[in-house]
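To start, the structure under review is shown below, and the notes come after it.
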Amino acid sequence: MAIRRGRGVAAINYPTGMNLGGDPTQALVHSTPTGNFMVTLSSVDLGQGMKQIMAQICAETIGVPTDRVVVDTADTDTGPHCMGTFASRGTHRAGNAVIQAAKEARQVMLEVAAEELEVNASDLETDGQGNILVKGAPQKSISIFDVALSAHFKRGRSISGRGMFLIPRSYPEKETGAMKPSTCYAHACTVAEVEVDDETGEVTVLTVKNIFEIGRALNPKMVEQQLVGGSWMGISHALYETTEPYYPNRDHGGTDFNQYLMPGPGDLAQTEIIVLERPSADGPYGAKGPGEMCANPQIPAVANAVFDAVGVRIDTLPITPERILRALKAHAAN
Amino acid sequence: MALALQTFATVKDANTALKSQGSRYLGGGTLVVRAANEGDVSVSSLVRSTDPALSSIAVTDGKVRIGASVTMAAIARHPDLSSLARAARAVGGPAVRNMATVGGNLFAPAPYGDFAVALLALDATVSTDDGEAPIETFLTGRDSNRAIVTTVGFVLPPQGDFRFLKVSRVKPKGVSVLSIAAVLELAGDGTVSAARIALGCMADRPTRARAAEKALIGRRLTKDGIAPALAAAGEGTSPITDPIASAWYRAEVLPVHLGRLLLT
Amino acid sequence: MELRKSYFADVRKDDLHEIGQPRPRSDSPGHVTGKTAFFADRNFPGTLHLKMVRSPHHHARIRSIDTSEAERHPGVVKVLTAKDVPHNVYTILILIQIGPEDETVLADGKVRWKGEPVVAVLAETERAAQEAAAKVKIDYEVLPAVFDMEEALKPGAPLVNEYHGQNYYLYDSGECRKVRFGDVEAGFASADHVLEQSYQSSPIEHAPTETTGCVVAPEGNDRFTCYTNTQAMFFTLDNASIILQMPGNKLHFVGGTVGGGFGGKVDVIVEPIAILGAKLTGRPVSFIYSREEEMQISSPRAAEKVVIKDGVMKDGRIVARKVTGYTDAGAYSRHSPYGAQKGAGHYPGPYTIPNVWIDTYCVYTNRTPSSAMRGFGVTIGDFALEVQMDKLARLIGMDPLEFRFINAYRDGDMKAHRQPTEGAALIECMQEASRAANWPVAEKFMAMSSYVKGA
Amino acid sequence: MAKVPVQFTLNGSEKAEFIDSGTTLLHALRDKIGDTSPKGGCHQGTCGACSVIIDGELRLSCLTLAETCNGAAISTTSGLSEGGVLHPLQRAFLDTFATQCGFCTPGMIMAAKMLLDHTPNPSRDEVVEALSGNICRCTGYEPIIQAVLTAARSNSQNAA
């Protein structure tokens, strides 16, 4: 028996959004009487952290701590339209809508503060801690709490804003295919190192080193969650997953988590993640959509590493022990 | 008919209840309740017995008797059954092992039933109220069996004689590509004097690798010594094809894994 | 995870307060205490359970359906067939004018894949619904089926879906979405080597731990609240409105907390029929996929076949790339026509190639309809492209990483679909990979930049 | 349909209900008693989202019939925090970002609690084994493994 080691590389890019269908999302932002902010959306959190990220984006834009923001989403009676959570669009599209809404709300907030402080709104800034200060004279300030009370009970102003982000639909040109399929692109390069058992075809992924360029890590810990989980799914796609193991034959499709194969907690590659940030021109604080991109480069990187290890190409996914063993036997026979 | 559970203090009464149509015995639930959840409406009555004898483990003078309701977890932690712990732990994850029973494992279709593979290599005896049967006979006829299994009995091999290997795609818990259990007795000169090898997934239920067993007798456990046994390992098998692996793959890697088990 | 702030520092301001901070997730306390409310955690008294009777055949004509025995089964409240669905033939992308309507909510006269829903049974308990479902009698005339995309595209193949009239999606550009850039044949003619290779995949399941489903509660005022784990609230509401011929103001969707999606919950499958059941019975209705349904009935990622033909020079430049992509939609469109053309917009990958020819086909076969999944239209293409890149590098005896630097796109480079490259960062990712993986490349590559030359 | 009585303690408090015979413990807890912390991810015993602790043993509530639990002591994730103070495992899952969609989390925490109750300072391999019956599709498992190890460390620091 021989355990053979190999490594492979892959580099990819990934589009944000679905421009070919038209891609709108809306947001509403308003202040409560005591200066807390509600973000109202109909966007869906699949576990990637939409609610938390929209709160951080709103907080940054308004100039308050994140815990002053509550996100109320996905009730069609209250939330304005969102196309949906897919195509790496959630953070990018909804984030832009939230920024626009929050900017409008912030402007009203500053105007009310200006009246209270008897200065021009353009002379005001937020300290990020819940206060509005006069630029250059920070001793002259008012809390957002007091501004909101004033707006509600004294000045009759609604500290609120509407946000709409629309990517107009791009229609591919029939003959040339000229189109604008996406707004911005995330990038990745992955190097995978594997061991292949040449008697059984079993593959062990030893390490994956993933470099991801995602525009802006809005919340680095949450980005890490996506990227680590995505890297695992990429390896899973490379080596394990199929609903039809004998495709195109339809027999023997798995019907449970025992038959539908994915790497278990004892199969984990040592995973390294490095993130670069080249802010996108149109992303919220430069963010791109990393959620899908992060699961792609591992697949070809592992495939290339398998070839590097045992000298046979498996061009059909998933790269099962059976496919490797058959290829090794065919290779030996030639 | 809605699903209903009937509980009896004795196996005898439970056996009587099982005679009615649409009834099935409930062990740990990993097979039967699952089937009901998945919409198997052929079963309308579940029968169980709380007879304490079903849950006991007795080890006396190297003879082991395990009640059919004993769980994989109970076997894995029993101090006198440490040599079997590996096989018991091969079943499921921790929660499943707290539920899956020895009796149920005898009925689990491939790729399940790894502990039954071990019992086959141990040449166990399976008891019901109708009497005792060698496990091989029992497994052959299990589809028509109606009597509740009460115990399994076997002689515990000396430390080191029992070997077990489960190959799965997913670690640490995945269902079997195949499993192999072997009881090997060695003579003073290091040659094999007796061998029982049982295979999982090489048919729809555990089977003995008799040709390989025979080819091992008088041979040493070396690469050359086991070569004839490995060559004969697949004789008489008809491996299953399922989402985990094809029959072709299972047949191809059986000798590889048997070789690794024999040389450990 | 490490953030490498040294890259692109000149185009980035790091003066933000809340953005860039690892704030704790607001939903996590609910998750760890089990208090987060997923759709199925809503419990309404008197809820009916919906179970589907599904086709056991890949392709068959339905001669007759007899639900009389099922209707009499104890606990059964309602049995639904195609005639009960107001607008039974639909397609979800009709909302963005991608037709034709080609799928039935409940099969009408024909089934086109094994597992297709035919009859819906609503009963007091899951068990009663399962028992009654077993009593529905459907007489089928089995028809020849086609499972292989290449077979499906051959003349004389069984026609999968009459609403299309042929076994591929007809784009305005014809049988495939096309991209034409430069002169690909001239590129091949000038190349030192030409390599054509074929890549394949099979369907992949999202396998979220929470299965697809919804619970619908009548509000008593002719409105219906649908608690759902859809990934797209209004997309689902608007499609339900069309299928049920019910004004949107009668529908109230609540969701947004989903136990994993990965693209698997963007089809509109469970909600319309559950709302219909609630409307016709006046009772709350729960329709939740079993795990078996999630694995084999819910749309998977499409199987794909990708054929790549490349012309490459000895010095490492790719001078021509022709890609033919096939997406196995299964029996119905769902999102697949979009995915196939998204692929057309993605090839030839993040490389600048002067001559490109792309054809992407959306093909119908008698299998579970596929749809979107994480990396939709791109994941399998990237597998094919990047394995092909490895083969090309080895063909010309070049280091695979260096080979990619030679071809990597940079700001300002024109892409095949005629958009200038903006915000590129492939080169920097590869430079960092070279360092992190101890995979050295020539100094000239480490000195490269994605920025426009001279800018 | 004949109803049968069931009586057990759930997170220390007495529960008594009449249920349909054959009802799984998962359904009894969620639909009758209102504890929705155990999740139904498969009803097959293959995902672990419904894991609960019954008389000190980790069990799958989707494959356990409620009427077999008469007299038992049952614990679920909803009963772990006391007086608003999170259990160290809950704290660790939260602090280390080990939850994403959150659907597997209650089952994971039950499996991890079972481990730490018996093995306060587990090795990584022991954590992996303890979680092996629970499926997570979001995280890739590593964050969950780290959360359990973190909880074990914080426990031992508190004990010291």
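Labels A, B, C and D are assigned to the chains in the order they are written; within every chain, residues are numbered from 1.
Assume contacts are C-beta pairs under 8 Å (C-beta built on N, C-alpha and C of every residue); 3 or more make two chains touch, one makes a residue touch a chain.
Since the structure is predicted, the reported quantities are computational estimates derived from the model, not experimental observations.
S.K.: Using the contact definition given at the top, which chains are in touch with both subunit A and subunit B?
M.R.: For subunit A paired with subunit B, the chains in contact with each are C, D, in label order.
S.K.: Taking every chain's C-alpha mean, which one sits closest to the mean of all protein C-alpha atoms?
M.R.: Taking the mean of C-alpha atoms per chain, the most central one is C.
S.K.: What's the farthest chain from subunit B if centres are computed as the mean of the Cα atoms?
M.R.: Using the mean of the C-alpha atoms as each chain's centre, the farthest one from subunit B is A.
S.K.: Just the number, please: Cα centre separation of subunit A and subunit D in whole Å.
M.R.: Here subunit A and subunit D have centroids separated by 30 Å.
S.K.: For subunit C and subunit D, what's the span in angstrom between their mean Cα positions?
M.R.: Computed from C-alpha means, the inter-chain centre distance equals 33 Å.
S.K.: For subunit A and subunit C, what's the span in angstrom between their mean Cα positions?
M.R.: 17
S.K.: Where does subunit B touch two or more other chains at once, residue-wise?
M.R.: Touching at least two other chains: 2-3, 36-38, 172-173.
S.K.: If a residue has to touch 2 or more other chains to count, which residues of subunit A qualify?
M.R.: Answer for subunit A, listing residues that touch two or more other chains: 46-47, 49, 221-222, 224, 228, 230, 233, 245, 253-254, 256-260, 262, 264-266.
S.K.: Could you pull out the residues of subunit C that touch at least 2 other chains?
M.R.: Each of 22, 25, 27, 125, 127, 207, 258-260, 262, 290-292 in subunit C touches at least two other chains.
S.K.: Quick one: do these chains touch in a line, a ring, a star, all-to-all (complete), or other?
M.R.: Basically all the chains touch each other, so complete.
S.K.: Okay, in this complex, where on subunit A does subunit C touch?
M.R.: Contacts found on subunit A: 7-15, 18, 20-22, 42-47, 49-52, 55-57, 59-60, 63, 65-66, 71, 73-77, 79, 81-87, 128, 169, 172, 174-182, 184-185, 187-191, 209, 211-213, 215-224, 227-228, 230, 233, 237-238, 241-245, 247-250, 253-257, 259-260, 262, 272-281, 285-286, 291-293, 295-297, 299-301, 303-304, 307, 313, 315-318.
S.K.: Given the complex with subunit B, which residues does subunit A contribute to the contact?
M.R.: These residues of subunit A touch subunit B: 1, 199-201, 240, 245-246, 252-254, 258-267, 321-322, 325.
S.K.: What residues on subunit B touch subunit D, complex-wise?
M.R.: Result: residues 2-5, 7, 26, 28-30, 33-34, 36-38, 46, 48, 73, 92-96, 98-99, 172-173 of subunit B touch subunit D.
S.K.: Touching residues of subunit D toward subunit C in the complex: what are they?
M.R.: So the residues of subunit D touching subunit C come out as 20, 22, 30-31, 34-44, 46-47, 49, 76-78, 80-81, 86, 89-91, 93-95, 97, 99-106, 109, 135-138.
S.K.: State the interface residues of subunit D toward subunit A in the complex, per the touch definition above.
M.R.: Within the complex, subunit D touches subunit A at residues 42, 44, 46-47, 97, 100-103, 125, 127-129, 131-132, 135, 137-145.
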